[in-house]
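Listed next: structures, encoded as structure tokens.
Below are two complexes that have chain A in common, paired first with chain B and then with chain C.
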Partner chain A sequence: MSFNQPSVSSAVKNQYLYKLKGYSSVFVALMTVQIIAMFFGVLGGVGQYGTSNGSMYLDLYYVSGDLIFAFTCIWAFVIAFTMDSKTNRQAMQVFVTNQLTRHLANGIYLVTLSIIGAITVLLGGFFIKSIVMILNGPESTFIFVGYTIGDFFIGLATTSLYLLLCSAVGYFAGKIASMGLVAKLVLIIGFLSVLFYNGLIERISEFFIMEDVFSIFILKVLVTSLVAYVMAIWLSKQLEVIK
Partner chain B sequence: MTALLTIIPIIVLAIVFTVVIITVAKSKPPAQKPKKMVQRRKSILKGYFIILLVSGVVYGMLQSNWGVIGDEEVNNELEQIDQEFYEAINNQNFNHESVKEVQNWQFKLEGDELMLTNLNQGEGLSFMVYVEKIDDLEGEVVATYYMKGIGEEKIYHPNKPVITWDGTESELMMKQHRKEVKLHVMSKEFPIRQFTGERWFGERQSHTFNVHNQIVYIQVPRGTVVETSDFLYIYEVN
Partner chain C sequence: MGIVICDNVSKSFKKNRAIKNLSCTFQENRITGLIGRNGAGKTTLLKTIAGRWRPNEGVVKVFDEDPYDNLKVSANMICVNDELVFSPELTLDEILKSGEMFYSNWDMEIAEGLFDYFELNPNLYHDQLSKGKLSTFNMIVGLASRCPLTIFDEPTTGMDYSVRQDFYRALLKDYINHPRTIILSSHLLNELEDILEDIVLIDKGEICLHESMNDLKEYAIRITGKREDIEPFIVEENILHKKKLEFNLESLVVKNEFSKEEIEQMKQRGIQILNVDAADLSMFLTGQSKGGIDDVF
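Now for the complex of A and B:
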């Protein structure tokens, strides 16, 4: 037993740094899903559109990092889902820890992952475009709208927020899944209803996707993420009481 | 086949889920990982990040060297040129910089009836024809093919039409080979598009890809009766 009483901040910091330096598999998974997305992106683009006035037929292949963005969102969800698993909790036993510091460290770690993920999403988009441009040459390449520095920062912030949202939802879902068989069943049924219930997934995604005022979008994402995160912590406490 | 296409996204998503889960689940706790493996992983990740950074620089260079055509500024410019082109044609101001004469044909007309036939009717390919009736042509028909005088390198012009007599010297036949252009359009990522007013693809492309940039201008002797086949649209000048 230690006689030193570490502060909350130092306990959180130690756990956070341990996760950041130790869990390289998280980044290997990120790299792998992004390489898969790049492969599909280079191969077929993310959209196709044909237009004709009779004398000319234009076959347009849209190229962007959208697929990387989508795959990275899945990555964020799955990583957060497994973040507070039994194995990961046991690995944290080398530190002086409690629920509060563990969840705080996880939260900060997920924010960091979201930012790193967002940077790689934007750079991955450039990678796909560069490859397509080099392979096809300037004759068949059309740069629709050029990037500005502002675009890059908006893209970075928005992508980070989307990844944060996915990870917060994943963290909450992971906590439900750890509650036992019934909870797992509820989670699966909930997931399937969101997927297949008439228009539910559209309504949920439109709440974020259709928002074109940046400040309101930030508010929506932060509030939803916070709610999901707090609920995950609350569930975690309930789980401890039951045990 | 359609059913197969609809399940492809589900298969891809399943693959992504599996890849992430396997990669993370297979991973040992940090303390149990061999040092060599950790070093190797770190090198791979560093290499990946460097490649991404370099591609960012490469894309920036390509963008500045190849030029951006879909910007609002360029769109406005194209819209203005579009307007100028039709204005110049309507005012018979063929020397205007927005108008480019590509080819000119002259025919001797027998009688006072002229039939204009589009040989591409079956393909749904139409022609826009301006007809001007002139006093001093003395039985001659002059056909001129005009295109917009700009954007040679990025505005994709159609193939030149071929205009010939059918042998009776009263029916002018027009044929054009359809041109197929395959383009790769570089677009911003969705998180950026969400706030730039272009949420979905193609919202701003309509003008940029406007390919109605050709006109056949036909001068006929005054008093000639001009008839046309389908898919041939006539604008009478004067």
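Now for the complex of A and C:
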């Protein structure tokens, strides 16, 4: 009997397709999370600003898709966290796979999820703005009109990158969670104490959010995501050898 | 040619050594039965061969390569056991289609034929199946993938008698049509006798016998007669099983290392000589040497 010598790319492709088909409930989760976020968004608005000037009183609510974005970030983190769990790993091992192809397929899948997530975040933002406008009537609505198609694509790219960052960190955290109890505790406590030490958490968010040059922002996010992803793969390799 | 070669392989889990310095070779295009009692190390050996685990010591070679984390081995091997996990969101039908996508030799005709025959509902999900149906479905995946190395680890768990017989027959027919290397682990040797070509007997993590099925049938004989008549013929180390009967009679199962003359002489003394069932023999070979369950009570 002749043997098959599959290429890495064909194995990755098949696993990627298997993931897309076999785990479609992630999209149901995405929709649920975003509907909840929209509900809060329409109901409360995101921010409120009130001022009075003699006889005139101005009460300003502004509406944005920020809450949808925040919820979607959590979604990306959680999905990535469970992506390489023991059961999901076993489900891959039934078919043609090795560690490299499995992680590559997972990575490409997470990129896909980030892009789909980003598109829905932007559309969801438009959606709640429209709803608020319809509810309040056009006379009491200011619309920021300086929005171009180019802004849309920049928004799409930025949101995708943030979601990718969340999912890469989630993927790494998921690997830490599958370690032994003691190692896990030490790492989590260490991580948290570093995070809250000296306002490091603010500095980390500044590192990404305050970056004005778009290309450098892309570079920062991609490099950080890649580091998290590679560390996850490395950790996964160590864990599986121990077994 | 050896498709699977294990050389001095050991695998431990914490303090428990599941297999110890085990060496054996599984030949190409043969059905080999891996027979042993519960906890003998069957699953550990098979998972090591399948590349799920790396041995602590020794070398495992499958298709001349290290199977651990190996894409080529993964593409040409399937290991069916009752722990198979599929995506929980795929119906049985979709799982079969996924199998077709991954395995280039996949035989959809056989898969669908067996599916209909065993009356599986294609719209069910894998975790909705009963134990027996689950094993049946996994068996279908194992057969349809038509991998050059097909491993079945206790494939008949939960199957009823008639499904088991159908499975053995399906396996044999498919094997004759498409010869490949099949390793089948089980503790039900009596049911497998007719389909196995080779047998590997494993006990406490060690190989205690590796023979062709035909040789196994001549491996030992049962001798029944008066103690003083039997004694001169017997070498103590060759006794596999001893049972005392009434009237000073003894029934012994011994390795068949007798010459024709010796057999003749025994017969003349009125000693009864019988063949030993393969299943009984495997039990004697892997059994504890002292006493039986009756001694506990």
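Going forward, the second predicted complex is superposed on the first by the 226 of 243 C-alpha atoms of A that agree within 3 Å, B and C clash if a C-alpha of one lies under 4 Å from a C-alpha of the other, contacts with A are read in each partner's own complex, and residues count from 1 in each chain.
To be clear about the criterion, a contact is a pair of C-beta atoms (placed from the backbone, for glycine too) under 8 Å apart; a residue touches a chain by one contact, two chains touch by 3 or more.
In this text, all values refer to a predicted model and were calculated from it rather than measured experimentally.
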With the two structures laid over each other on chain A, which partner does A:S24 touch: chain B (first), chain C (second), both, or neither? both
So, does A:T87 touch the first partner chain B, the second partner chain C, both, or neither? both
Identify the partner contact of A:S236: answer first if only chain B is touched, second if only chain C is, both if each is, neither if none is. neither
Just checking: does A:S178 make contact with chain B only, chain C only, both, or neither of them? Give me first, second, both or neither. neither
State whether A:T101 touches chain B only (first), chain C only (second), both chains, or neither. second
What is the contact status of A:S167 with respect to chain B (first) and chain C (second): first, second, both, or neither? neither
Per the contact definition in the header, classify A:P6: touching chain B only (first), chain C only (second), both, or neither. second
Under the stated touch criterion, which partner chain does A:N14 make contact with: chain B (first), chain C (second), both, or neither? second
Tell me which touches more residues of chain A here: chain C or chain B. B
For chain A, what residues appear in both contact lists, the one with chain B and the one with chain C? 18, 21-25, 87, 90-91, 94
For a test of understanding, state which residues of chain A touch chain C in their complex under the given definition. 1-6, 8, 11, 14, 17-18, 21-25, 87, 90-91, 93-101, 240-241, 243
What part of chain C is in contact with chain A in the complex they form? 29, 52-54, 63, 69-72, 74-76, 78, 83-87, 89-90, 94, 98-99, 101-105, 141, 148, 178-180
Chain A partner, complex, touching residues on chain B are 12-13, 15-17, 19-21, 23-27, 29-31, 33, 38, 41-42, 44-45, 48-49, 51-53, 55-56, 58-60, 62-63, 66-71, 120, 123-126, 154, 156, 158-159, 176, 178-192, 194-199, 201-202, 204-205, 208-209, 211-212, 214, 231
Enumerate the contact residues on chain A facing chain B in the complex. 18, 21-29, 31-33, 36, 40, 45-47, 49, 51, 53-66, 69, 71, 74-75, 78-79, 82, 87, 90-91, 94, 120-127, 129-134, 136, 138, 140-147, 151, 154-155, 158-159, 162, 209-212, 214, 217
